[in-house]
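Two complexes come next, and they have one chain in common, subunit A, joined by subunit B in the first and subunit C in the second.
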Partner chain A sequence: MAKQYDVLFRLLLLGDSGVGKTCLLCRFTDNEFHPSHISTIGVDFKMKTLEIDGIKVRIQIWDTAGQERYQTITKQYYRRAQGIFLVYDITSERSFQHIMKWASDVDEYAPDNIQRILIGNKSDEEEKRQVATGQGNKLAKDYGMDFFETSASTNYNITESFTRLAEQVLAANKKDLDLLRASVTDELNLAALEEEEGITDGAAASQKGCWC
Partner chain B sequence: MFFIYGVEDTNFDPGYEPDWAVISTVKRDQVREHPPVKETSQWSFSLPLSELYSLRRSRFSLGRNFLVFTSRGGHPLPPLHFHRGGTRELLRAMQRYIILAPSPVDGRLFLAYPHDSGALSQSFDELHLFDDGSSDLVSRFIQDPYATTFGGFSKVTNFFRGALRPPDSPFHPRGPQDHHGPPTADDEPGFELITCGVELGPKPDVTRGQPLDKWEEFLDPEGRVKDPQQIKELVFRGGITPSLRKDVWKFLLGFYPWNSTVKEREDILRMKTDEYFRMKVQWKSVSEEQEMRNSLLRGYRSLIERDVSRTDRHNTFFSGNDNPGLTLLNDVLMTYCMFNFDLGYVQGMSDLLAPLLFVTQNEVESFWCLTGFMEMVHQNFEESQEAMKQQLLQLSLLMKALDPELLDYLDTQDSGSLCFCFRWLLIWFKREFSFEDILSLWEVSGALFCARFFGLVCPVKTSIWGSSSALTTTSTLF
Partner chain C sequence: MLPSHPPSPNYLESASMMSGTLESLSGLGEDGSSIGSDSEINGLAVRRTDKYGFLGGTQYSEGSDKDIRVDVARQRELKWLDMFNNWDKWVSRRFQKVKLRCRKGIPSSLRAKAWQLLSNSKELLDSNPGKFEELEREQGDPKWLDIIEKDLHRQFPFHEMFAARGGHGQQDLYRVLKAYTVYRPEEGYCQAQAPVAAVLLMHMPAEHAFWCLVQICETYLPGYYSAGLEAIQLDGEIFFSLLRRVCPMAYRHLKKFKIDPILYMTEWFMCVFSRTLPWSCVLRVWDMFFCEGVKIVFRVGLVLLKQMLGSVDKLREVQGMYETMERLRNIPPESVREDLLVQEDDRKKKRSKEDKKKEKEEEKRKEKEKKKDKADKESQKKEKERAEKEKKKEKGGKKKDRGGGEAEEKNGATAPRDSA
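Up next, the complex of A and B:
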């Protein structure tokens, strides 16, 4: 079979309703923009394959409903993600203030090594701006995140921000990825393992006698 | 001991690896009759615990465990991979029946000894692993949620294996996907066609009736509906002629009682119109300054504004920027907040209202039709989401009865919770079919008068008879 991708992982878009999560996603995966898209109910997703440092990365991006009411459903997806976009709308102070709430939900429900990135969307609507770029920068710094102002409408910083988060997830899992590649040989030896019980498996020798 | 182990496929990306499961189909006595190792299919084998000689625990660098069992007869058994953890639970469960002692020369090799004959004779049936004790129930152990985050990476090893092993090797998976050619390298369809083996028999031949027409003939001289049951029956069989929907929907949604006269209906309309505008004035008269101190109302207003601008904009009733239909949507939804402030506005309500506005073409009537509709479905929108969870659970029970194989498959794709049906159920398939079809579906399927039943039966039918494409498109994610 032809090689389609090397690695697959999941990114999640979070943020208040109407900040443009679905539009960011459509711009990134299909290079399309619909100013009056439909609201997301529950969770939706799209896929795209990127090539980063010679590695074919297929990313599955989950798009969530922004309304708090649906969080019992959307929270179920946090723990399965490796990277999270926290999105606000630069023309909505309220959506920016809520980033703190979204971030604390992520801390509570997502895996510890999750990678996060802050997005201030609708940067083309400068005349309606309520959140200064500096504010976004500062918040991102406080949380130790990278920060992008984007515009799905004008296609500004879209690929850049998605690629950055994908790179971060890759880097965070680099060690495992390398080991994984090395372990392919192990996997192929499984057949031999069944017949000859003598194969040594050095990687986890320290686990001797442990059940886990 | 009966294992179904993961059906791995190399043709597509399910996002998740299938898990192992212990199923209780093997009765104690039957186990005894089995030969030491029995491969009941390519994807399962059974082995009496008394025949287990040893097991070796191994671990890949990514933390994925696998176990290799060896029977006393030296039969080679396929390795069991635990993509999402669970070896510990399995070994613990096994230790209740046998002693697993580490080999003195190799700490990763465990030798099996019988505890005592009594314990050994217990079967998995008695382990209470299965809630209802039914013998065909597949029970999956709870997986460690944190281990799943590396599902994507563990997929790679499978991919490489698939790529590097010759197709005729004994480890080549034989999944249901093999009925279809593998996608080409550039092909990323985003969905997958699965084929499940359940025979449903031929699709029943259904003849639709004529749409309900000649409304006047069903009314008595005072304008009462003579036989409401007959109307429901006719609507169920054939739907309603579009021009009549405006009249009939108001009965179906409880705005007018079936036995009301023309005169009474005029009174009702007058009264309900007053009531509507009384509530409309309430939110209309809130000043900007007042609203600053009312975050709930502010929140509802902002959500409604955002959703009105993205509801059915392709429909001529709501298209264009200054369409009066948009104002109607906004005003009716805002007034509904006043009608039921506890529930307020929840996303999805605009989808329910749009067809009602389109059919009634009237602000007041659409509002009261919405309240009638919400009377049936308001629990779906409540914060706890208990009603939705319960419906998804009921749906999975129905599927278990009708197409257990498909449900099992969805389970292996981490979709057994049927979360991908959430939107279908919440807004009555509004987003899954065309606007015109939704009008028919809502009235015909009894949507308007036997709500709870409708929501559950439709998805099952859709998924089983309506080629599974719609289902699988969404299910690959969830």
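Up next, the complex of A and C:
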């Protein structure tokens, strides 16, 4: 009986409009990069399964519109997440300044044990760089986050950063994870644990029969 | 045809930073490199677009669209030309006929003018000579311009007008969107306005598109693009409760997987389906939308959900939140043929009971909105009043506002039989 996954959880991509959230996601889930794409209006998500320490981790990654006024909509999804990417664009000082705003929103609306990671995207555009790597490092340190410079365009540090955040979420939920190890036949639905009942990935749920 | 306008220095700078004019066309395959999407830039006259100007992408039409017969098309054009000549009379006395003709689809050669007449934006244009240029001359708020600039190359990147970075289409898009932020500084810019403005620009010059956008933002979909996005969230809830009546199966499915309306209808409604449907359908929907208003948006949304999730077989294919979302975000073009869309629409219209319910819902919505308005701060009220006054001034003693088509809605109970 091949299990689809052992753990399911949700990650959220946040950051200013145009920093490359959708491109990061496309690169990670489909290994594609489209120079011509459309702006994100509202909320979208994609799925991908990773294997970390022998555990099959199914992650649901939510992509959000970056413009401030969409936050009334996107904020509703903060509380459902276990991990958050704070993304800026290394060619945009402004998008870096705004990370502080994004981080404080996360503090306000996301669950307490949420895991965060800082991403400086578009690292391939060195000639247009406005934010030094050191600045990113320092900010990440101040906030106690890990930090990656990435490029969706050249596929630099994409899997690394997504895997790192997934590992952090796993570690933060170690207690539940140990339970999982004790009873290998069960799956663990972190996403569902956050709410009263499981919003499971239905296909997987139906394949495995009763989980609720 | 377009009046040439010097782009503001701010934009020029950013346009020059945009590298590779045809960069956005990569991914088109072998044809990509040879397509002249902006003749001014690369001097090539070769165009391999579909009849709507798409070079590729999901909204490209394969050319299998059956065209209506030439004589029928000519007849329709003549009818529309006749209506144009006596427009006010047609709208006030024979609106049913106008509506029916919009449902059949406005002839493409006359579409731009029809949209402008239906929306009253023609009147705004005529009564505000020089206003657009004036707005363009203003500096604009960098806060908005920054976001607008980032969005220019992210609207219909596969359409010949908008494919080239810094090309004509993107320049005009900048002009229109910037002008709106100057015109309504308290509203500013909302990202969903860009695709709407882009659709308008595919049909008319920037100044005309601007006034048409004004009408959509203020008369057709008031509040949809405002800070807070309350109107769209409210309409999402209303839409979902309508779905419960129209298609309980789809409703239960979405509820079961906890797929909030906001997850799928935000883009549908805010962009008036311009990113969702095959292009021939987009145009038909916009024809009806300009005539009948927001209710068309609701109806099309309901038809889509019914199409996607309205039978046991269809539900079997989307057993899961992810699968369902994927389906709703990538609607297979073959499942939304335009005749089907409009026919479905009509059949619903015939069911008068349902129609009454819908009207009730709409009334409820309006009431809710009124309540919401009351609860709003004084300042906002004043702002609205000011805007109203300004509008009246601009309209210069115009008889009545028919933009949203709300007044006519009540008369719409008689079912038009669309033979298109």
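Everything that follows uses one rule, which is that the second predicted complex is superposed on the first by the 178 of 212 C-alpha atoms of A that agree within 3 Å, B and C clash if a C-alpha of one lies under 4 Å from a C-alpha of the other, contacts with A are read in each partner's own complex, and residues count from 1 in each chain.
One rule holds for everything that comes next: a contact is a pair of C-beta atoms (placed from the backbone, for glycine too) under 8 Å apart; a residue touches a chain by one contact, two chains touch by 3 or more.
What you see is a predicted model; the values in this text were computed from it and never measured.
Set side by side, subunit B and subunit C differ in how many residues of subunit A they touch, and the one touching more is B. Look at A:Ile38: by the touch rule set out above, it reaches both subunit B and subunit C.
Looking at subunit A, you'll find residues 17-18, 36-39, 41-45, 47, 60, 65, 67, 69-70, 72-73, 76, 94, 201, 203-204 touch subunit B in one structure and subunit C in the other.
Looking at the complex, you find that subunit A touches subunit B at residues 1-10, 17-18, 36-39, 41-47, 49, 58, 60, 62, 65, 67, 69-70, 72-73, 76, 79-82, 94, 111, 173, 176-177, 179-180, 182-184, 186-188, 190-191, 193-195, 197, 201, 203-204, 207-209, 211-212.
Listed in rising order, the residues of subunit A touching subunit C in the complex are 17-18, 34-39, 41-45, 47, 60, 65, 67-70, 72-73, 76, 94, 128, 199, 201-206. By the touch criterion stated above, subunit B contacts subunit A in their complex at residues 10-11, 13, 15, 56, 58-62, 66, 68, 70, 76-79, 87-88, 91-92, 102, 107-109, 145-146, 148-153, 155-157, 159-165, 170-171, 182-185, 188, 190, 302-303, 306-307, 309-311, 313, 346-348, 350-351, 381, 383-385, 388, 414, 417, 419-420, 422-423, 426-427, 431, 477-478.
Remark: subunit C residues 17, 23-27, 57, 146-147, 150-151, 153-158, 163, 190-192, 194-195, 226-230, 233, 257-258, 260, 262-263, 266-267, 270-271, 275, 319-325, 329 touch subunit A in the complex.
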